[in-house]
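Each chain carries a letter (A, B and C) given by its place in the written order, and its residues are counted from 1.
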Amino acid sequence: MQIKNFAIAAACFAFALTAQAQDKIRLVGSGASFPAPIYLAWFKEISKTGVTIDYQSKGSGAGVQDLINKTVDFAASDSAMTDEQIAKVPGGVVLLPMTAGEVVISYNLPGVKRLNLPRDVYPQIFLGKITKWNDPKIVAANKGETMPDLPITVVRRADSSGTTFVFTNHLSAINEEFKKGPGEGNTVNWPKSDKFIASPKNDGVTATIRQTKGAVGYIEYAFAKFSKMDVAYVQNKAGNYVAPGTEGGAAALANAKFPPDMRLWLSDPTGDKSYPIATYTWMLFYKKYDDPKKAAAIKKMIEFGLGEGQKMADKMGYLPMPAPVAADVRKAAGSIN
Amino acid sequence: MSSAPAAELQGGSVSGPPSPFDYFFDRAFRGLAYAGAASILLLLALILYEIGGKALPGIREHGVALLVSSNWDVKAGEFGILPAIWGTLYSSLLALIIGGAFGVAMAIFLTQDFLPPRLAQVFRTIVELLAAIPSVVYGLWGIFVVIPVIRPVADWLHDKLAVIPFFSTSLAGPGMLPAAMVLAIMVLPTVAAVSQDALRLVPYKVKEAAYGLGTTRWEAILKVLLPAARNGIFGALVLGFGRALGETMALAMLVGNSNQVTLSLFAPANTLAALLALNFPEAGPKEIPVLMYAALVLLAITLLVNIAGSAIMVLAGRQGGAR
Amino acid sequence: MNAVVSRAEAAARNEPDALPIERQPWEARSLTSTFLSALVWVMAVIAAIPLFSVLYMLAVKGGSRLSWEALTSLPPAGFEMGGGFGNAIVGTIAMVGIAAGISVPVGILCAVFLSELGPESRTANAVRFAAKTLTGFPSILAGVFAYAMVVLLTGHYSAPAGGLALAVLMVPTVILTAEEAMRMVPKIMKDAAYGIGCTRTQVVLKVVLPTAMPGVLTGVMLAVARAAGETAPLLFTALFSSYWLYHEGEWAFGQPTASLAVLIFNFSGMPFENQIELAWAASLILVLLVLVVNLTSRFIAHRRV
C-alpha cells in the first residue's frame, strides 16, 4: 500500500507541476459555512475574469487548520484566529473582515405573532433555568400575546461552529452565569437536560425547530430569512427590542472600531437601534505568497469583495460593511504580497 | 494448460504437466496474492500508526478516565466518551437486530421461490441499489419522514409506559430510536445481498434431500438451508454490523449528540463516529488527540465484537454437529 | 414421524377411515410452515415500506428537477437560478473509478490468498481479522488517513487522494465477500482441475474466480455503491470544486474535485430552494448511476458464463 501511496503522490506532484505551469490562476480556500453562500457568489463573478477560485465550507476551525497545513491559499473563519493559531503559520497571516451577519433566535410557537425576549430572559432559557413558555418573565414582556403552556425545547448546534461562538460570546458578555457555566466557544458544555437537543448545521437546527412545538434555537440570519422562520425581537443594551435585519445590523456595526490586527468581536453593541447579536466574518491570508501571480489574484479577490461584493450582501441576508471599515480593510490588505 | 489444445489435436490426453511458463506465471500470481494480503496488514498497521501516533498524547493525558467519564468540556480540557461508546453499541446492536432480522428474512423471501423469479430479480436489484443512497440522504429522510412518523407513537408509549426504562423520556426530535431505525435500513441491503448469495450457493441437492425426507418448506429452510449457509449469513451480519459501527453522516444528523448514558429509546444520544464527524473539522490541538483516542476505541470495539462473533460461531458449530 | 408411520400402516391395512399418508394442512408442522411463510411475507412488506419510502422521496423530489441542464452545467451560486452538477457527476465517476481500480484488484488478490493459498495459516487469520476490523472503520477516519498520506505530502486536495480514501472503505467489503464466494466453490471442481495438471494459479483463474464471480460481483457492487455515496472522506481529500475536471485546457487531477456526495452535503444545507432541489436531483442521479454500473456488470458476468 505504501508503494501505491508514493506512486499516487508522485502522480499528484506531476499534475501539480503541470497545473502551475499554466497562465490561469486557480485558488483554493476552505472554512466557515456562515459566509459560504456569498463567497461562492463572489467567486462565480470573479471566475468570469479568468481567476478560478474553489471554496468548500467545512467549518471555521477546519479552515484554519488547512491554512496552518498550507493545503489552501486562503481560509475563512467566523472567529478570526487565536494568537496560538496565528503563531503556527510561518511567515504570518493577514486577517481581513470581508462581510458581516447576524445570529437570530428562532422559535416554533404557533399562534404567537411576535416574541420579545428581554435581556435577562434569553440567557436563562439557554442555561435551562427558564423551562416553560408561560414563565412569568416571558409573559411580562409579551403582554399582547397569549403564551402557551409548553415546555421549552432548546435546539443547539451539534457540530462545532463559528455561529455557536458568536452566540455564546454574546451570552457570556451579558450574563455572568453563562460566562462561568458554558462560556464561549465553537463548542460549549450545554446544560445536561432532556430538553436540550442538538442538530448539525444550520439546516439541521432549522428543521428540528420547525418540527418541534415549543422549540427555540439560534441560527444565521440568512437561513432564518430564506427558510421563513419566526425570529425573536431581542432586547439590546439600550433596552429596546430589535428585530434582526439590515437596519439593526447596520446600527450594530456602525459603532465598532477595529484594532490594527483587525480582530474585533461585537459582543454587546451599543446604540438604540442595534441588534445585539452580530458579527464580522474574516478571510485569512498568508502575508507572503511565493507566486506573485497568486498574490495578484488574491488582491483582485479582496478588491471585488470590498467593492462589488458588498452590493450583493443585503440581498443575500448579510450586512454590508460600513465604509470606514472597508477603508481600514483595504489598508490592511496592502500588506499582502 | 497451454499444451492441452495441442495434445487434443494429436489425439492425446487433455491432461499434462504444467509448462515452464505456467510455473513462472503461477509463482508470479501467487506472489501478487501474497502482496495483496500483505498490503491489508500494512494498511491496518499504517492506520494504527497514524491514528495511534496522534492519539498518544491523549492517552497519556487522560488514560482510562476518558472511557468512563461523561463530561465533554473543551474549555476545561475534560473529556469523556462513555456516552459515545454506549451510544455506538446501543445503536449498532439495535440496528443489527432489526436490520439483520429483516435482511435475512428478505434474503429468504427473495431466494426461496416466494415470488416469481423475474420479480425476485427486480427486487434484488432494488434492494442492492439502496446501498448506494448517500448517508446524507438517509439523514434527511430520517429528519423529514421518520421522526414525524415516530413522534405520535413515541409520545403514546411515553405517556402510558414511562415506567419501562426504554420509554422513560419523551421524543424531542433526534434521538436513539430514529437513528437506530435509519441505521437498520442502511444495514439491511448489505445483509440481504450477501445472505442471498450465501443461500443461493447451497447446492440444490441439499434442499431436495430435505424434501425427500418429507420436511415442510420451513423445516427445510430452518433446519437444513440456513445451517448450510450459516457462514455466509454470519459474514453478512459482520459486514452489516461494521457498517453500523462506522456510519457517520446519517447518525450525526439523527442521534441528537447529547452526552448522556440512558436506556431510553427516545432520548438523544451520541456515537463515536458522529462525535468524530462533528468535532474533528473544528478541533484544536487539545481535542485532536482525544478524538483520535476515541477512534482507536472504535476500532477496538469492532475487533472485540468480531472476536466475540467468531467465538459464537465456533460454539454454534460444535453444538450443531457435523455440517 | 410416528404419526406418519402408523397412518401408513393403517392405510396399508385398508382401514376404511384411515387418514391419507400425505401431510395434511392442519397438522402442526404444516401450520407452522404456513405461519412462517405468512410471517416472512409480512416482514418483507414491512422492510419494503421504508425502502420504497426513501426511493419514492428521491424520485419525487429529485425527478422534478432532472433536466439536461442539471446534468451538464456547473453548480449555481447563492441566488442563481438554474445550474446543475455536471462536474460532480464526472468527479464521482473519476474518484470511484480510481477507488475501484485500487480496491478491486487488491481485494480479490487478498481473497485468493485467504481462500486458496493459505486458508488456515496464521497470516491468513491475521489478515481476516484485519479486514473484519476495517469494516467498522468510520468513513471520516478514512478521509483523515488519506489526508495525512496524500494531501499533506502533495500540499493540495486532489482527486487521487479522494480515490484512496474511498478505496480504504471499499477494500474490506470486497475481501470478505470475495473470500466467502471463493470458499463455496465445490471442491470437486478444483480437484478435477488439479487432476488434469493445472497449477494453483490456473485453478484460481480458470475455475475458482469464474465460478465465484457472482458473489465477488455482489461484494464489488456493494462497495462501489457505498463509496459513491460517502461524503466525509471526500471533505478531507478532494474538497469540492465548482468547475469541470477538464478545466481551461488541462485535466485538473491535482486540484480539488467536485463529487455528487459533497454537492448533496453542501446544497442540502443551504437555505436556497434552487440548491435544495438540485441536491435531491443529484441524489437521484447518484442512485441511477450505481444502478447502471450494477446492471452493466451483471450483464458482462452473464455473458462470460
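Note that contacts are C-beta pairs under 8 Å (C-beta built on N, C-alpha and C of every residue); 3 or more make two chains touch, one makes a residue touch a chain.
All figures in this text were calculated on a predicted structure; none of them were measured in a lab.
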Could you tell me which pair, A-B or B-C, is linked by more C-beta pairs in contact? B-C
Return the chain whose centre of C-alpha atoms lies at maximal distance from the corresponding centre of chain C. A
Distance between chain centroids, defined by C-alpha means - chain A, chain C (Å): 38
Based only on mean CA positions, could you tell me how far chain B sits from chain C in angstrom? 13
What is the distance in Å between the mean C-alpha positions of chain A and chain B? 37
For chain B, residues contacting two or more additional chains: 39, 43, 46, 144, 277, 280-281
In chain A, what residues contact two or more other chains? 4, 58, 204
Quick check on chain C: which residues sit in contact with 2+ other chains? 149, 235, 268
Quick one: in the complex, what on chain A touches chain B? 1-2, 4, 58-62, 84, 153, 155, 158-161, 183, 185-189, 192, 194-200, 204, 207-208, 211-212, 215
Which residues, counting only chain B, touch chain A once they are in their complex? 39, 42-43, 46, 71-76, 143-144, 147-148, 169-170, 172-175, 252-253, 256-260, 267-268, 274, 277-285
How about chain B: which of its residues touch chain C in the complex? 1, 4, 14-18, 22-23, 25-26, 29-30, 32-37, 39-41, 43-44, 46-47, 50-51, 101-103, 105-106, 108-109, 114, 125-138, 140-141, 144-146, 181, 185, 188-190, 193-194, 196-198, 201, 203, 214, 216-219, 221-222, 231-232, 235, 238-239, 241-243, 245-249, 272-273, 276-277, 280-281, 295, 298-299, 301-303, 305-307
Taking the complex as given, what residues does chain C use to touch chain A? 76-80, 102, 149-158, 160-161, 163-164, 235, 239-243, 247-256, 262, 266, 268-272
Within their complex, chain C touches chain B through residues 4, 23, 29-30, 32-33, 36-37, 40-41, 43-44, 46-47, 50-51, 53-55, 57-58, 105-110, 112-114, 116-118, 123-124, 126-127, 129-141, 144-145, 148-149, 168, 171-173, 175-177, 180-181, 183-184, 186, 195-202, 204-206, 214-215, 218-219, 221-222, 224-226, 228-232, 235, 260-261, 264-265, 268, 283, 286-287, 289-291, 294-295
